[in-house]
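First the structure, which I've put down as structure tokens, then a few questions once you've had a look.
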Amino acid sequence: MAATKAKSATTRAIKTSKVGRVSKSTRSGKAAKPKLHKPRVSASLLEDVAIASRVLARHQVLDAFGHVSARSDRNPDHFVMTRSLAPELATPADMMEFDSDSEAVGGDTRKPFVERYIHGEIYRTRPEVMAIVHSHAMSVIPFGITGAALRPVYHMGSFLHSGAPVWDIRDKGGDTDMLVSNRYLGRALADTLGRCACALMRGHGFVAVGNSIAEATFRAIYTDGNARIQLQAESLGGPINFLSDAEGRLTTAGNQNAMERPWNLWKQQAKRKT
Amino acid sequence: MAATKAKSATTRAIKTSKVGRVSKSTRSGKAAKPKLHKPRVSASLLEDVAIASRVLARHQVLDAFGHVSARSDRNPDHFVMTRSLAPELATPADMMEFDSDSEAVGGDTRKPFVERYIHGEIYRTRPEVMAIVHSHAMSVIPFGITGAALRPVYHMGSFLHSGAPVWDIRDKGGDTDMLVSNRYLGRALADTLGRCACALMRGHGFVAVGNSIAEATFRAIYTDGNARIQLQAESLGGPINFLSDAEGRLTTAGNQNAMERPWNLWKQQAKRKT
Amino acid sequence: MAATKAKSATTRAIKTSKVGRVSKSTRSGKAAKPKLHKPRVSASLLEDVAIASRVLARHQVLDAFGHVSARSDRNPDHFVMTRSLAPELATPADMMEFDSDSEAVGGDTRKPFVERYIHGEIYRTRPEVMAIVHSHAMSVIPFGITGAALRPVYHMGSFLHSGAPVWDIRDKGGDTDMLVSNRYLGRALADTLGRCACALMRGHGFVAVGNSIAEATFRAIYTDGNARIQLQAESLGGPINFLSDAEGRLTTAGNQNAMERPWNLWKQQAKRKT
Amino acid sequence: MAATKAKSATTRAIKTSKVGRVSKSTRSGKAAKPKLHKPRVSASLLEDVAIASRVLARHQVLDAFGHVSARSDRNPDHFVMTRSLAPELATPADMMEFDSDSEAVGGDTRKPFVERYIHGEIYRTRPEVMAIVHSHAMSVIPFGITGAALRPVYHMGSFLHSGAPVWDIRDKGGDTDMLVSNRYLGRALADTLGRCACALMRGHGFVAVGNSIAEATFRAIYTDGNARIQLQAESLGGPINFLSDAEGRLTTAGNQNAMERPWNLWKQQAKRKT
């Protein structure tokens, strides 16, 4: 079958690699079938994380990389996200449950995302955060590698009024493979995020948080939207008339009443197209 | 069912929100079924507003937000637009009828768009306007937040010869949630629009008007098109050779004979793809 | 039926228009059914013009406007193009035949494109030209309204080595509705085009010619492609290393052997998607 | 049949061409049916090259032009790529096998890509390279024709840490048709590539190499991605905080473990959409 054949190329790539980390589940790959654990959360939460993954892929906020998580609605110390998988392919059956140290629970041996520590450490330090998106969206990266600060250019990006601080992995980690691959780095990122809705990761991407899956999805999409607009506005030269802090606060609060409209659309689109 | 399950995330977002306005129909949401009123206008008008909504979504002039309205063809003091709904999902059954104060008629208790006052106040001050589009199109925003004026770069954007004045909600409303949420703000925007075909809203979007649904749709699409081109032209540096005022007037008049061609295409596309 | 209902909006737009030219076939619209004339050319030519129209729509080189024509393969003084119609909807049945004065032959009373004179006058002055595309592609417009000259940045745009002169309708026509609506203006444009493969039209678009439908289509697509790349290259600042004139000549000649590859792909795509 | 009819336009283009190279298989085109040779490699290799071609077309890294090859898994001196064909249409049946001089083996008389020498000469000088992509991606061209160097702006483009040298065909070939149409030019390009993952070709495109088909595909896609981001970052002005050389090395090594995720997604997308 095609799927089996195609594997050879990938296997070759992995074998010839001299450096790097291969998760246990991959190493034992063909030998043992991984053990699964069905997360102890509501079915709707699993479905919403899968839908958000596909929504964000459809909006090109995620490509083959990046991920979405949600805090467990049964145990607030736990969170769920898919096994290591391209977001467009996410289904409820791909979800794993992680504890407060970002380690898989229930003996689940499927390969997790290396960067699950981003999620675990933010859930730890931000109890009100219910969902998190990590993205490599192209329009956002420039604001993490230049002196230009990402600021709210329109009401959809109003949540940026709290700032979008830039986190540089080099500050705490020195030269790395750029991945948030342990709790220490996850905590450092969470510290930079502080009380903000969004933090940029230098040379990597960004993280957006929300008090619901719908809100985190909204913020990821409009972090990207705001960045696209700001890039164009900057190219016109001269000062930009950003939202004031008060406008940012008032609009962010107002937008929380408007989450249902986009979320309903996005869910329908995700079900239609994928 | 999936739709029911997914609601939980949204409901959570709304509940945790400390600030903001929730319409009566939402508050009573699950309890009472909203009362409907079928607008007293021609069936073709309802269908054309729905089609225009989907056309503009397909052209990315509208995303999950923004709206289209048309003046009633039975009572010129009234207008129709959908209930609060993503434009891509608009159908004739979603239409509500509003009076000259932008309030729903016939006891319709469905949730309306907060910003219906944009439409009502423009219909009041511009008797010849038959249709209005409000959009957050990304390429247009930069011209509302910088010193660069949006001007006609090609014949498709010729209607901009009358100017595209920038309206800043802060001038009349101080710090707000950026929404045109009452008649006072709607009137202020209508005053800035004056006799123009298009007005930009600082940090928010724009409004385009026409003497038919086809023309308002055309102008919304080509306000965006003109902005995209002008952004690129500005990046080349040096002065831009805009259309002269006379060219703008003559071309705008001429284009009114060419509305059928795009409108027929767009309708077919909207029916095919949505 | 929907198609009939939707007409009302368009009809309203046309009626309220104070200025402008309405073709005879439109004026008599509902009353008399237009008389058709089947062009006296090979069936494959009609099909290729229709396919090219849809190919260019799919590449966003044409939107609801713009057109493709081909010189008749039976009478070199004549050419064919569709009646006034969005290119994406073109079929062989929509083709009309025009004489060397760009007037419909065979008593065809369908509404033609106003700007058919672009085509007729170029066929008159360029006997080797077999096909012509007129487009409003967004990335090309900036080079017609600024001091920046469109020049070949890569081998696909090598045909621009002969220059892409800018034609300003104002030079011969004064203030107009920007349309090439008579032979005099068509001839002026043809004069500016000279021996070139492409001419830009200030505040309007461009025209590209070829010795086959495939080549004219190729050149229209890569005029746009070259413009997109050059806009980006200009934004990097500093001088651009364009193709030399000799490279332009050699590559243009070489590319003529490579027309079959894209044309076969584009035809398959057009048949698949439209 | 349509396919036959459409040929006439193309044939006309080829006949009117005064200059240029027509391969033997084309010249004899209608007369003799070309002789085929089934490459002596694994079936999965043929399938993976076809899939990579379609994946890269879907990502707009290839359009009607450009190509993918893989080193033979039976004879390391040989490689396979499709006959001259738009990548989106590639199937295993279109594959030809080439020897170390880039000439077709087994008496295959189908028309090959003129630029197969790019591949053959890189396989000769880089024994560890298993797959190669040649692309004209629009966002990459600007870095080959200006003074701006393409450097890693994010971890997905980390393989650019080794540099993306610009090869100018004029240095060795003088004025040409810009094509790498013989071994001498192929060797010159391979020399400029050196030990790098990517080389830019002035006024033409780029070449990316990998130790697997998945990796070469990944690098072609993210050469384009990195270029898109860097173009935007450059437009913000001021210095860019690129990945350090150590970060580049570490991340490139790490990414080799993450090839399976995108490759699985891309394969599924390619099978779904084409």
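Points to keep in mind about this one:
In order of appearance the chains are A, B, C and D, and numbering begins at 1 in each one.
In the analysis below, a residue touches a chain if its C-beta (ideal position, glycine included) is under 8 Å from a C-beta of that chain, and two chains touch if they have at least 3 such contacts.
This one's a predicted model, so the numbers in the text were calculated from it and none came from an experiment.
Touching chain B and chain C together: no chain.
Within the contact network of the assembly, the step distance from chain A to chain C comes to 2. Summarising the inter-chain layout, the chain whose CA centre lies farthest from the centre of chain D is B. Superposing the C-alpha atoms of chain C onto those of chain D requires a rotation of 90 degrees, given to the nearest 5.
Where chain A touches chain D, under half of the residue numbers in use are shared by the two copies, so each contributes mostly different positions. Chain A and chain B have centres, each the mean of its CA atoms, that are 32 Å apart. Averaged C-alpha coordinates put the centre of chain B at 45 Å from the centre of chain D. Across the assembly, chain C contributes 235 as residues in contact with two or more other chains. Viewed as a contact network, the protein chains form a single closed ring in which every chain touches exactly two others.
By the contact rule set out at the top, the touching chain pairs are A-B, A-D, B-C, C-D. Looking at the complex, you find that chain A touches chain D at residues 2-3, 5-6, 8-10, 12-14, 16-22, 26, 63-65, 84-86, 88-89, 136, 138-139, 141-148, 168, 170, 175-179, 202-205, 231, 234-235.
The touching residues of chain C, counted against chain D in their complex, run 42-45, 47-48, 51, 128, 130-131, 152-156, 158, 210-215, 225, 228-229, 232-233, 235-244, 246-247, 250-251, 253-269, 271.
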